[in-house]
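Residue numbering begins at 1 within each chain, and the chains themselves are lettered A, B and C in the order written.
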Amino acid sequence: MNVATASEDAMAMLAAEGRAVARDEAARLGFRLALPAQILVLFIAVFPLLMQLYISLTDWSPLSGLGWWNAWELWNSFANYTDLAADKRFWSALWRTFVVMIVCVPVEFLLGLGLAMLFADDFPGKRLFYSILLMPMMVVPAVAGYMFFMLFQSGGPMNDILSALTGSRVAIAWLSDPTLALAAVMMADIWQWTPLMFLILLAGLVGVPEDQMKAATLLGANAWQRFTTIVLPKMKTIIIIALAIRVIENFKIFDTLYIMTGGGPGVATETISVYIYKLTTQDLIWGYVAAIALAILLVLSIATVFAMKRMAAAREARA
Amino acid sequence: MSTIRLENLVKKFGDFTALKTMDLEIADGEFMALLGPSGCGKSTTMNMIAGMEEPTSGRILFGDRNMSGVPMGRRGVGFVFQNYAIFTHMTVRQNLSYGPRMHGAPKAETDRRVGAIAELLQLTALLDRRADRLSVNILQRVAIGRSAIMEPVIFLLDEPLSNVDAAFRAVMRTELKHLQRQFRQTMVYVTHDQLEAMTMADRIAVMDHGVLQQVGTPLDVYNNPANVFVARFIGAPGMNLLPGRPAESDRGLVIDLGPLGATAPLPERLANALRGHSGEILFGFRPEQATLAGEGRGIAAQVTAVERIGARTIVHLGEGASAIKVVLNNDQQAALGASAIVTPNMDAVRIFNRATGQAIGGSGNG
Amino acid sequence: MAEIAFRNVGKRYGGTVALSNASFTIRDNEFFCFFGPPLSGKSTILRLILGLEMPDHGEILIGGKPVNAVSPAERNVAMVFQNLALFPHMSARDNIRFPLAERKIPQAEIERKLADVAAKLHIGHILHKQPAQLSGGERQRVAIARALVRDPVAYLMDDPISALDARLREETRVELKRIQRELGKTLIYVTHDQEEAMSVADRMAILEAGVIRQVGAPLEIYDHPASTYVARLLGSPMMNILPSTASGNDIRVADGAIAVEGLAGAAEIAEVGVRPEDIRVSAWAQGQSGTPSRVYEVEPLGGYTVVTVDAGPSRVRALMRGQPDIRPEAMVALSCDAAAVHLFSRNGTALSR
């Protein structure tokens, strides 16, 4: 008998009775095995954080002629943070980021859910449409930025389409108008990220047990009742996950936007990432940048912890 | 309550024919079992009755109402799924009240009905438990209650006992049968287990490869199988079927079983039906309808295995096509390797055309 | 000599007792069956025999020698897996040869052993075929041949036929029994199906929650169960366990609903057991002495009929041969021989008479 395969097979077969052991001993062993990796991760994550905190308390800049470890010579206590509180440009960038998120994520969610429900059933050409639908997600964001940059030029395809539709010559300066530029940027984001939402929600939708849906139908529930009483409750966890992913990602919106508008006209499309980027590359005030980054991290962490708690609660309720 | 009539029912999935022409009438208040191995078309038939599948052709009538085009939510059909399809994110109460709630029944009315059904199925104490951690037998009762609360015209059950452990299954069989007999609810019960069909059903529809093989009461199907498939499928063990040819002897018409010898003379009725039949036949008798003796006239064979299973002893004799099983009470003995004479009860013998598999001589004394 | 013995073996997993103080001896060349509900410790015993698991205490002996410290590979016990685990790309011959090829045994020796085991299992004519070309029964034999080619002390099977359909199971268990009898090699077998256990086993051990409740030949246990637990586990329909009351020296069963002539016993009797096949059911005649009972349900099996009767405070099942003409709601009289009644004490252990 091949002992290696034998033990594996037998382990699997007998696993039922061994479950109790496994949990205790395996937990201990697992902890020890994971320890080196944990230390490494801790180092990777914690070290930059501490470094950032340190720099954020100084006026250090790469132009100051000091190594970052000597930044204490430029110590300014909490000046960066008090500056931040009074920085109107920062607050408006933060507000703009929030507006983009509040528009884009729900639209992506509703579109994604609608598409997912469409794709949960069979229809001719499903596979083809499926592939087409997923394509935006695979486009490099920078490339997507250029695509939309060209799409929204005054002489670009968007205006051509609108001209054809309205029958009169349309020449909107999309990216030069503060409001329209923001709208264009949002459209690009929705175009690129609805597929991800669709994919996650479809996975959740397919996981709704078919026989429970049939049972509901047999008990007289109509499509809307089935959706609200069976589909939504069963998808609660996955919906929270999908929203959390997109909220966090959307908060960091940068590459597509930067290529389309560079944050302009003026600061009309300047989100928090764009603002930080400009401070870093143009103003080179890294101490201040570190302070902003930490502040943002704090906000995002609180949001994430909240989302995770909700998720855990949902899972608990389900288990 | 109503009768169900299946007329020329056909179901094809692409090139695959799941059901080739099914005609069946289920009486009001009848417990009908659809029995057959997996892939025989029984589940397809039931899904069409429920409205989950549309027939390729043919009609389904509840009473006089043609059901074609009636969506499954409007057929008034109760359905108990194999895994019960309980709404796991709800409590037992929410499961039971689901149907009335979806129909917009008033709250007080719903509460009253849930209370009554819970009482009947002994679920009252469990009403506020979440449905995802209940044991199989409770899940089953919830599934039945959830359908029963809608007072369906007909109840469809899809192998509801297959997840229940063996000892409890016997109890559930008795209970389910008793419940049905009390309420006279029309029931269609799909199963691959001949024991379940035999013990519970008023009538059994035996199916194989999308074809209805026989419809009859359990004892009818057991005693007078219409063909070789039914003979083998019903009973545990199935019927013994020995190849042979009819032969005239001085005692009357007998079956020449080749190396096993000749049988005793056939009863008049079978002999008459067999005269003039020259082809090969299968000589069939139930393992319970034969005795073993050390010597004498009859079918001679060697004992190859003896299984003593509590109340019964299954004796295996011979090998291959001429293998025979005889079931004895456990007070009778058979020794391994001994030669034995098998004497079938000739009144309970059945003859089948070997080429077509069909029974010859119609029904017996039953 | 290759007895396999457990001496007071215990095994816990964390807080769960998987096996407690198990002692038994599996004799050489017997078909030994472990039977019990899921999680009763059957598979733990197999793991302990195979050496995949170390006992917390106690001793495991193979052929009289303690093997607690012996590795699985050196115990020389073979396992036949439920899925048979044959290599699909190899012929039956290469599959069987595989365990030997790994051990660098001379070619001639390998061929001799192969021929030997193939002859014993009657598979000489199919050795050139690949698993996919073999029938289920043939695959089973090839898998057994592969386990036996090393000439192990014993071979083990863990619920090998539970995945088959009912009819095939009935055939396969007889086949397995036949193979074991012809090979004359110790087979240790785990099943959760009482009919299968009774059919195949020379002797069996019945487990409950990690405790061995009874060891013996199937019919011996069937006829003399040591406890109500064992009594209920073997037999289908299961044994009726009924309340009994002593009136004078006599014992009344189910408030007298079952007439038993001359049943006497000690006062500590709390319950009695009657096998369904031991209960006689007869139509109730007006003016008859005794207690009438109402038929609850009648279930025909063809060759037998299960009649469930509301007998006094209990629901009693009787197994009748043939197809008796008894209908639900009919009134019947129940009786049984005193010799067929099993007596149990309050804690469920059998009492001798």
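Rule of thumb we're sticking to: a contact is a pair of C-beta atoms (placed from the backbone, for glycine too) under 8 Å apart; a residue touches a chain by one contact, two chains touch by 3 or more.
Just so we're clear, the structure is a prediction, and the values are computed from it rather than from any experiment.
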item: Chain pair, B-C or A-B, that carries the greater number of C-beta contacts; value: B-C
item: Label of the chain whose CA centroid is most distant from the centroid of subunit B; value: A
item: Whole-Å separation of chain centres (CA-atom averages), subunit A against subunit C; value: 58
item: Whole-Å separation of chain centres (CA-atom averages), subunit B against subunit C; value: 27
item: Cα-centroid distance, subunit A relative to subunit B, in whole angstrom; value: 56
item: Residues within subunit B bordering two or more other chains; value: none
item: In the complex with subunit B, residue positions of subunit C that touch it; value: 37, 165-167, 170, 173-174, 177-178, 193-195, 198-199, 218-219, 222, 232-238, 275-277, 296-297, 299-304, 306, 308, 319, 321-323, 328
item: Residues of subunit B touching subunit C in the complex; value: 37-38, 165-167, 170, 173-174, 177-178, 181, 192-195, 198-200, 218-219, 222-223, 232-238, 286-289, 304-305, 307-312, 314, 316, 327, 329-330
item: Contacting residues of subunit A [partner subunit B, same complex]; value: 209, 211-212, 214-222, 225, 229-230, 233-234, 317-319
item: Residues of subunit B defined as touching subunit A within the complex; value: 50, 52, 71-74, 77-79, 81, 83, 85-90, 98-99, 102-103, 132, 146-147, 150
